[in-house]
Amino acid sequence: MKMKVLSRAGFAGLFVCAATLFAACSETSSSTDTTVAVETTVSEVAYPVTAGGITLEAQPMRIVSLSPTHTEMLYAIGAGGQVVAVDEYSNFPAEAVALGTKLSGYEPNVESIAGYEPDLVVISYDPGNLVEQLSALDIAVYIGNGASSLEQAYEQIEQLGALTGHLDVAVQLTSQMQADIDAVVLASSASATAMGEPITYFYELDNTYYTVTSNSFVGQIFKLFGLENIADGVEEGNDYPQLSSEVIVSSNPTMIYLADTKCCAQTPETVSVREGWQKMDAVVNKNIVQLDDDIASRWGPRVVELVKSISDALALVAPSK
Amino acid sequence: MLRANDNFVPRAGTRVAYSTLVSFALLTIAVLVGTMIGPAGPQWWRVPIELINRLPLISVDSGVSDADWNIVMQIRMPRVVLAVLVGAMLSVAGASYQGVFRNPLVDPYLLGVAAGAGLGATLVFTLRRSATENWLIDPLPLAAFAGGLIAVFATYMIGSAFSKARSTATLVLAGIAVTSLTTAVQTFVLQRNNDVVRQVYSWILGRLSSATWGDVRLVLPYVVFSCGILLMHRRLLDVLRVGDDEATALGVNIRRVRLTVVLAATLGTAAAVAVSGLIGFVGIIVPHTVRLIVGSSYRRVLPLSILCGAIFLVLADIPSRVLADPAETPIGVVTAFFGAPFFLILLRVRKNQV
Amino acid sequence: MSTLGFCDLTISYDGDSAVSSFNNLVNSGEWLCLIGPNGAGKSSVLRAVAGLVKYSGSVAIDQNEIPATSAKWRAQNIAYVPQTPLIPEDMTVYEYVLLGRNPHIKHFASETKQDVDVIEKVMTRLDLTRFAHRMVGTLSGGERQRLVIARALAQEAPVLLLDEPTAALDIGHQQQALELVDVLRRERGLTVVSAMHDLTLAGLYADRLVLMHQGVCVASGSAQSVLRSETLAEFYGVSARVHHEPDGTVVVIPQRSTSN
């Protein structure tokens, strides 16, 4: 369990990416003077490549992904053709599902993974000795821990881009994501400032009222909009606290975001019949937003859709005066 | 008159020798089968051929690629070897505890090893997020090991504080108290750190799927040491069968024997739990089955438990990695599946006795 | 052949005195029987010698005080047969008698040929050979009594303690057991101390009786001197006649009150 996480090599890769990113962001046309010779065609990538703490000697053509988030990233940067197997929870995009593989990221069967003869395995966490076991088989492992900020998410996308030989696409993707998010937030704050007092929200992870604070990845996205999380400060040091019904009702948030629509079948209707919730502002004004569980819990390219959902919901918020 | 060794070296002696030989043979076969079967890697019938090929001075073409053989040697073999060690350890520890506490339903987790190890593991999983990712030594087995030992130590302290006699009943009660408290603390910690619940649960169910040769090296000295001490005490465990008073009158220092046996069994169990999580039922099923075959004398039950425990876990690990291919079935689930029918059979057999 | 000496033996449980200052000397080969009502302290004395309860004062074998810490030494010199021995269901007769050899087997070692010889002899002597591989749970009461005595004999200890040896036996087996102990005692020169309820049998077999009452020795001597109806009335609270047979046997006959 000695994984070299993003630290040193990661920073090196980031530096390389930052240089190209800077150049790419400033102009709409493709960059010309960069410190790394990155071509737009796939066939002439420079290997060996070091990124995300690992070094690959050749372009990986048999990638196994055990992380739904990174599956999405891989397909978004154009490496989908190099993916041979994904885990059971990788349900997006459709091409990943079409692979028909159902590996487990939580109880990995190393032999099964090795059976695909991978040259790169992508995981988001090591359930125990997985990296060690795969290393014993000389299989490279990329670990992308749960991002705690958008910057980390972009970093992981670009690292995967470097490793799979699609750095240019990756960089383009992240800059596009960044631009999209910035634009949406900007437009939204225009309407938000018209409200006056800050808008509070409750983010529901499951139907036992587990939630997130604004230190979490999702919480930070909400912070971009200036929204205030009612769970902040409730439990020091715990970013995934469980709130009681009373606390939620007495905090009376302006908006309720449901991230348990798929897992626990929660809808505005089920929320409005909860004991004591009927008089809450969010329920009365029907400011209950249904999010897709998967989109809300992953830190891949579809984060942009999450941002858009929040923005759309915000636009409908009637002032709670 | 009867000759000295005619009737008095018990007839069961030949049955024991026979059972031991059969057990050894079965163990060898089980290990071989375990090495042959898996969800990937070389075809099963090629494995023995390649094994022969690897013997010095013999060269046979088995058609197994290096990559495939690597899977067998680096992933499957450590798993099988670990199953041997853990299975043997849990069985002999269970049998020893049954001897010390004179209760056939006791398992090696009685005095709190399981709860303590679980708490240790939970704390590591909780802290790992922030602090320990770059540590040189993997803290997980260390914490589980330490937790298990501390819990049993606490049990002993509480047991002796409340009863000068330090009887077995007191120890059991103290064990229950320690287990309850530790589990409560663990639940509290988990509730506040909801994101590691899945990892902890997975660890608790027990697995051999993450076995590496490093794990084997870690556990081996403890298991060997522990089994050695326990085997040395097998005749004394037989003397304990007539109760504390009579055993004392027969010259046994019961407190010392009890302490030594519990300590050795706990040490080995804690080491096993540290690398493989909490695999249940082995410590009860195997000794009982052995008793059904060779009788209740610990001189026979202990060594045979070692062999049969190894066989049991090696075989149980096969469905564990093949059943839900390409996922793993935690081995604790497999042994639990064996557990229920086992107890039913035991009830049936006992019904025909007194 | 060993003497057993008690000097100021005092036992108390949780502050309650069970035995106070018990003094006695049992000669080699002598059979001493402790008698007395329930709670008199008879069993406590035996358990103290066997090392099962704490005591103050001293108990000595051949003037060697029994060391408090060596269970093994004690077991090599004292064989204790409890009132209700714990008979494990699933042990063979051979294995049970083998337990008696424990004091002589090295801690972690197994039994030697010599141990096996001793066991064989003892089992032959007590007619248990044909049961050697039977489970002890299948033996009858009388056979079990022989079995427990066999285990005690296998210890080859010079002192034998018997706590209520006839409690669970019928009259025939009672006689058999006591006759056997007497014969073995003479054969091997054992010093026997027993605690018994049956006064007639006690008088019949023991060389000397000690009557205990509330932890104190109140009478000591031959059966004729100790078993007197006024003594029994005082300490047992029983109304009994004492009859002396021509051959010297003392018979205690409880009397019913005549007003009926």
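Each chain gets a letter, A, B and C, in the order it is written, and its residues are counted from 1.
We take it that a contact is a pair of C-beta atoms (placed from the backbone, for glycine too) under 8 Å apart; a residue touches a chain by one contact, two chains touch by 3 or more.
These figures come from a predicted structure and were not determined experimentally.
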item	value
Distance-maximising chain from subunit A - centres being C-alpha averages	C
Chain nearest the global centroid, as defined over all protein CA atoms shown	B
Cα-centroid distance, subunit A relative to subunit B, in whole angstrom	41
Distance from the mean Cα position of subunit C to that of subunit B, given in whole angstrom	44
Distance from the mean Cα position of subunit C to that of subunit A, given in whole angstrom	82
Touch list for subunit A against partner subunit B, complex	1-3, 5, 88, 101-104, 106-115, 117, 127-130, 132-133, 136-138, 210, 235, 238, 240-242
Subunit A partner contacts - residues on subunit B that touch it in the complex	38-41, 67, 70-71, 74-76, 133-136, 138, 140, 191-195, 198-199, 202-203, 207, 209-215, 321, 325-330
Residues of subunit C that touch subunit B when the two form their complex	47, 50-52, 71-72, 74-76, 78-80, 82, 85-92, 94-95, 99-100, 102-103, 105, 107-110, 113, 116-117, 119-120, 123-124, 129, 132-133, 137, 155
Residues on subunit B engaged by subunit C in the complex (per definition of touch)	1-2, 4-5, 7-12, 232-233, 235-236, 238-239, 241-243, 245-246, 248-253, 291, 295-297, 299, 354
